[in-house]
Amino acid sequence: MAELVHVPIDSGQLARAAARPDCGAIAQFLGTTRDHHAGRRVASLTYEAYEPMALAALASIEAEAVTRFGVASCNIVHRLGEVPLAESSVAVTVASAHRVAAFDACRWAMDELKRSVPIWKRERFEDGDSEWVEGSKLGAGPDRP
Amino acid sequence: MAELVHVPIDSGQLARAAARPDCGAIAQFLGTTRDHHAGRRVASLTYEAYEPMALAALASIEAEAVTRFGVASCNIVHRLGEVPLAESSVAVTVASAHRVAAFDACRWAMDELKRSVPIWKRERFEDGDSEWVEGSKLGAGPDRP
Amino acid sequence: MNVTVLLFAQARDRAGRGRLDLDLEPGSRVSDALREIARAHPGLEPLWPHLAVAVNGELSAPDMPLAEGAELALLPPVSGG
Amino acid sequence: MNVTVLLFAQARDRAGRGRLDLDLEPGSRVSDALREIARAHPGLEPLWPHLAVAVNGELSAPDMPLAEGAELALLPPVSGG
């Protein structure tokens, strides 16, 4: 089940939870925070979400990954708040009988997450500045009021 | 660095070891032992290797993954001996600046591993029988003597 | 008719707050709420073309009617992951 | 000339042992060693078409000359992962 957490993500625990005796493959993706972006040095990153809507969107990606790729399970955990450099901001864990479907579903879920879940990332640069990362517009937007 | 181990694989530790502040993506694949194969119930699995040659083959896959896909690192750990059901027999961990290369390299390394590394899997079935799993012939074989 | 507005990320920064309470005419639609918000918070101006709007957690079109107690959210382009 | 032979998986099962020590004529090649092994272990018969052979950890062709102390390995189709 999709989760938003404010503590470090334990990817090993997520893999153990996904393991099933009828499955031969677990594909896991971890998005980790980077120390540079567009040529600038990043000091730290902070994530925020519209939590109820983000959870529903993540759950819907999990469910669609299962039906679309025929995998056994898909689990998404996103961290919120400040995430120190090189730690995981997101983990997508897919269990499947076979590895091709596991990879395909994991990759698709990550693409969907970036496109359709109300979560925002703010980078604080070493020069003290901070900026929201340019993202993807959700669905169809409102007309200019 | 490639490893052959006789203890459970700690995938979380491998992911933490792969994390780098200049990378945004870790793709990890875990091969887990399955309770069925070709319609029969499997009770347990055992792996053996020609260890020095297997280590060299794994190291060569790691190195080629890095050059071929431009990822930051590729690490492969394979477990030997008996592996209880639903535990990991192999972990491939790839760190990269971006996620597409991480996924591609991880998948390629796993395909190569199955094709070119002298490791063998024996399934013991619930009916007491056991069998070496049919595999891939390494390189070009010898003529019939 | 009371409507709560939640603002996230750049929208919150530009408005200077993460939550607004609007008192709208009965029968108001999403577009009426947005016009109110734009009037009260001109700093949002450059962001409007990039915003998505959700009502009670679902993406919504401007002509959607609002009900008493609705939760409207201004959602800048997303960048999770 | 002494050559060690390692047998893995089905090859070990069929030969009944994981290691053989061969004493070959000087100048022997991989194919000479394989002929010796096949003579001593007829149980390997059905497996030969499927075996790869390594010498000192490298896949080798049948006409490769062997040196004193070489380690030859009989490698059935691999199934790691």
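To keep things simple, chains are lettered A, B, C and D as they appear, and every chain counts its residues starting from 1.
Everything below uses one rule, namely that a contact is a pair of C-beta atoms (placed from the backbone, for glycine too) under 8 Å apart; a residue touches a chain by one contact, two chains touch by 3 or more.
In this text, all values refer to a predicted model and were calculated from it rather than measured experimentally.
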- Chains touching both subunit B and subunit D: none
- Task: Enter the minimum step count from subunit B to subunit C; a value of 1 means the two chains touch.
- Result: 2
- Message: Relative to subunit B, which chain's C-alpha centre is the most remote?
- Response: C
- Between the Cα centroids of subunit A and subunit C the separation in whole angstrom comes to 25
- Task: Please report how many Å separate the Cα centroid of subunit C from that of subunit D, as a whole number.
- Result: 75
- Message: Quick check: how many Å separate the C-alpha centres of subunit A and subunit D?
- Response: 50
- Contacts with 2+ other chains: residues of subunit B: 31, 110
- Every chain pair in contact, whichever chains are involved: A-B, A-C, B-D
- subunit B to subunit D touching residues, read off their complex: 31, 47-50, 52-54, 56, 78, 89-90, 110, 113-122, 132-145
- Message: Quick check on the complex: what are the subunit B residues that touch subunit A?
- Response: 10-13, 15, 19-36, 85-88, 95, 97, 99-100, 102-103, 106-107, 110
- Residue ranges of subunit D touching subunit B (in the complex, touch as defined): 6, 8-10, 13, 30-31, 34-35, 37-38, 48-54, 57-59, 61-62, 73, 75-81
